[in-house]
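Look at the two complexes coming up: chain A is in both, with chain B in one and chain C in the other.
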Partner chain A sequence: MTSAATWGSELRKWWTFFQISLNERLVYRGDFMLGTLMRFLPTLTQIFLWWAIFESLPAAVGGAGGEGGRIAGYRYGDMVAYYLLITISRAFSSMPGLTSGIAKMVRSGELKKYLIQPVDLLTCLLIQRVAHKLVYYLIATVPFALVFFLCRQFFIDGWPSAEVLAVFAMSLVLSFLLGFFLEACLGLVSFWLLEVTSLAFIYMLMNFLLSGHMFPLDLLPEWSRWLVDCLPLKYLAYFPAAVFLGKVEGEAMYWGLLIEAAWVLFFVVLSAFLWTRGLVRYSGFGG
Partner chain B sequence: MADRAGEGRAQPVKALMRNDLKQSDLTATGSPLRRYWRVFATFARNSIIRDMSFRSDFILQSITSVSWAVMNYVLFKLIYRFTTSIGPDTGWQENEFFVFLGTVWVINGSIQLLFMGNFDEFSDLIRTGGLDFALLKPIDTQFLISFPRMNWSQVPNIVLGILLVVTSMNAMWSDSSKGAWFTWWTVPAYVFFVGCGITIMYSVMISLASTSIWLGRNQNLYDFWFYITNFYRYPMEIYQRGSLGWALWGTFTFVIPILVVSNVPARVLANPLGGPWNAWEWSLVGLTLAMTLASLILSRLVFRSALNSYRSASS
Partner chain C sequence: MSIIEIENLCKSYRVYQKKEGVWAGIRGLFHREYREVAAVRGVNLRVESGEFVAFLGPNGAGKTTTLKLLSGVITPTSGTVSVMGFVPWHRDDAYRRRFALVMGQKNQLWWDLPATDSFRLHQHIYNIPGAVFERTRDELTEMLDVRHLLGQPVRELSLGERMKMELIAALLHSPEMLFLDEPTIGLDVVAQHKIQQFLKHYQNQRRTTILLTSHYMKDIAALCKRVVVIANGSIHYDGSLAGIIDRFSGDKVVTLQLDERTDFASVAKLPGSVEIEPPRIKFRVPRDEVARVLGELLDRYQVTDVIVEDPPLEEVIASMFLEAAQQEPELVGAANGRPTR
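This part shows the complex of A and B:
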């Protein structure tokens, strides 16, 4: 009986958090839609850049303006589709301000606010993120749908099968969790380092290059490809897009999903560990 | 992508204007040119002192901008594993393209070194009424708000750009007949057209910054900067396909001439097509000269008329 009651109050508590965060975000919706559209401008230059590159492929690989030209297995349409899909992966996995936010709370002593309340910091932040992301999807759907509709010709093979779509969706949800817990761990390191700017910066660079944000990881030469496959970063951008485009299929697709889930679990455990250990060191100055 | 993450945030221009400029700098006798030079030198010196007092921040900023550049280099190294040129028959082969890329780094670095941070601060000056202090000084206001804070952390990027240009030119000579076209005036012409490019970008950015007088709080200028530089980061030939592409090409060559910013200097040096220039290449050069002059004059007019609408803010 009592446990049911506590569960109920827990849930109500988190629900309130969720609603506050939701409303917080809905305030700036107009600005936001325009901003999202602007964000596709770089994709426009990518379309023309790759168009020019694919047109100049040597005839030996089926290029010379022909339809059959491929770069690392990508046709021109695939390449553009990849960059478009990356914007979706990033909409799930990017966590602006998470690492620096946690570090700031630790440094300024604001963390006390969470310690004296019967709430858990990480859960709290997670719920905030979910709310913010949901609002983002709600508003960004319009510009995203518009851009994807205008660019539908680049998805040469049309919609993938329902099975692939399901795996794609799951990989996106996992990439959100992975992004969250990975960056939370970086933020929690500030219990020891206080200043994590450089750490966050190194992470940002690595992420940009090795997650597939900048280019499809298939372009990488063999030896470095192995390295990238060992890192969790590729699940933040490359993997969902690759699933959608059929670059990873069949059994490999499910293995990928499993490994991604394992990485999520790893960072959940790590963040819990850093949190309990960090609190022992924390002295709560200022605030 | 996301080039702007590491851009340095300039310190408020206001403080510089009130304290760091000595009266003697402003009222120094002698030719006006000399006076402007002395003020400019003071700005440069003060900025370097400021940068050096936040040293780790300075180093982090330098590393950021250099890292973005290097990652861009890696991307094109990868792309040239699969193709020999960007666009068929454009002549932008690997070495030629890296001359182009190096030029983009030099131009972008110079813009950020000289004035980008100041323009970003300009909307703050309007909003807080800090512009009053600049208007009271016995020196041209446009000059005063353009250069007070230099972002020295961009220097490594410029140096890297020059290195890339030099090594790529070197590689080009050793494997083709390109050297024949290179004469004593090529380097001066290159430097001159890099200057033209920076001037055009200066005009575009100050015009954008001026609009914040009319519009109140402006969007972060670095966003605009990011989207604009995004277009001139690649050879203009890539836009010459499809109706949308030609429309973009036309707009950004003749209306807002940002494509010539990087394309003309890089073309002068790399001469991608080899041999003597075609008529259209010469016209492009002529266009650049005309556009540089026109944009400078136009932006001056825009700034002046914007200033006329300035009504200060409560102090």
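This part shows the complex of A and C:
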């Protein structure tokens, strides 16, 4: 077989896999619709909380209603815009069920399917995830657009430039890949630990605090910023939002993108390594 | 060259030994004790192309482990295996395109989608040309009588129907080598029979080499000319099913139906009587004494009917398993070690 024909058949294989994953996801559209709406509830709480905080600022600095009040450089509007943007980056980077799914496959032996068929597990999972995300965006676009339209006045500085938008979009795509490979690595640890629930919990907690999911990372005291800068977590939520809001600009924006890409590469390599080593162990011990 | 060549195959697992109680559990956090369990020890086997071979053995005998080794899911501790010239655990795509494994207790189809979607995926995974795929699929669905179920989500199928779909999915790429791990487990008699018939017909037609493990003697009697008995990880018998009785049971069962007026209490005292349900009485008699004993009985009693038969296969096999277990108390090597390698 020529290599072109091989590529053709590989492509057809993955395309079919993609379509089937899409079909599978559409089975659960009702659940998705609800899930999407629920996603905005915590955001709403945050918005009210910050409104109260800005309200309580001394009048001299300007309250929530005023333009002048700032916390770590954020006006009230910026803050609301930040949380709305976080829902977008999280829609790309969060991978519900990936870690636990891999662990379950290892434990239950479902993994065998991928060992006896000429397919690669990580590629399958990635394609499946892309399909799931696409279905999600398809369904979530309307509620997202509605919420953003209703909240348009909070985007005080208006729509960013095309350049910033392009970087924003790229950072989102990378955050999807980063989230995927990072959580895949956590799942693959189950070759050694079997039970990764607590590991996943620690990750979730760290992610919540240090990715910018709970609050803008600019609020962290100066001395702790280096920690966040050393970790890949901020690219999962904070970075795309910060780009959009102009908190990271110019050269720094491109550097950020580059570092994010490097993290993706790191976790791609790590996951491939864990997969190979894990299989040696799996096939040597359990199966 | 045989299609399967197994030489001195051994596989041991390391199993974590947890002692009872909370304190033992806490100690286990720091120091773990492991036990080596030899699941397969020194198996030698050759299978020729086109054979239909059954693996028979009690739970935990090493049947499934052997199938896992042959399908490349696990690597052996020692020994060599060649299937169609491949080393299974290298997991070459070329090898993986030429065999299939069906496990009665595992599901390979997409749960929420109709089986037809899974089939289409298999078409592309195994690179089956469109026309060939459609022909094979139609043929198999016809044979198993499930055409009308193709559009139904797999989760809504009955166990029997699902098993049929699993088989179809596994056979779409016309594997030369098929491993079946308890394909009829949990199925009702009708579904079991249907699947037996199908496998028989399919194997006759295609001459696919099939290895099957099952606990149902009926499966094996209906399908396999050759039976390999595995107990305690090694092969105890390799031959025909009928040969098991010849080899492992020197007895025949003689059933007499006696006249109603017979003194059953005295008959019951005769040596070798195993079951008395007047007017019937059953004896177990060594094979070479059947003629003599029967002659004596016919002389002494009013006999209205006689049946001489082999003891039930299940019974022979059960006693053979028991014997195997007593012969070799499980070789256990206690090993202390750290939780990870």
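List of remarks:
What we mean here is this: the second predicted complex is superposed on the first by the 271 of 287 C-alpha atoms of A that agree within 3 Å, B and C clash if a C-alpha of one lies under 4 Å from a C-alpha of the other, contacts with A are read in each partner's own complex, and residues count from 1 in each chain.
In this section, a contact is a pair of C-beta atoms (placed from the backbone, for glycine too) under 8 Å apart; a residue touches a chain by one contact, two chains touch by 3 or more.
For clarity, every value in this text was computed on a predicted model and none was experimentally measured.
Superposition of the two structures on chain A leaves chain B and chain C fitting side by side, clash-free.
In the superposition on chain A, A:Leu41 makes contact with chain B only, while chain C stays out of contact range. Of the two partner chains placed around the shared chain by superposition, neither chain B nor chain C is touched by A:Ala166.
Residue contacts after overlaying the shared chain place A:Leu205 against chain B, while chain C stays out of touching range. Of the two partner chains, neither chain B nor chain C is touched by A:Ala252. When the two structures are aligned on the shared chain, A:Ser9 is found in touch with chain C, with no touch to chain B.
Once the two complexes are overlaid on the shared chain, A:Pro58 sits against chain B while remaining clear of chain C. Once chain A of one complex is fitted onto chain A of the other, the partner contacts of A:Ala145 are absent, as it touches neither chain B nor chain C. Measuring from the middle, so to speak, at the Cα centre of chain A, the directions to chain B and chain C differ by 90 degrees in steps of 10. This overlay, made by fitting chain A, leaves chain B and chain C with a least C-alpha separation of 10 Å. Partner chain A is touched in their complex by these residues of chain C: 13-14, 65, 68, 71-75, 89, 91, 93, 96-97, 99-101, 103, 106, 108, 110, 112-113, 117-118, 120-121, 123-127, 153, 340-341. Per the touch definition, chain A reaches chain C in the complex via residues 9, 12-13, 15-17, 20, 23-24, 27-28, 109-110, 112-113, 115-119, 192, 280-287. Contacts from chain B toward chain A in the complex involve residues 1-2, 5-6, 60, 63-64, 67, 71, 74-75, 78-79, 81-88, 90, 223, 227, 230-231, 233-234, 237-239, 241-242, 245, 248.
Contacts from chain A toward chain B in the complex involve residues 38, 41-42, 44-45, 48-49, 51-53, 55-58, 61, 63-65, 71-72, 197-198, 201, 204-205, 208-209, 213-215, 219-221.
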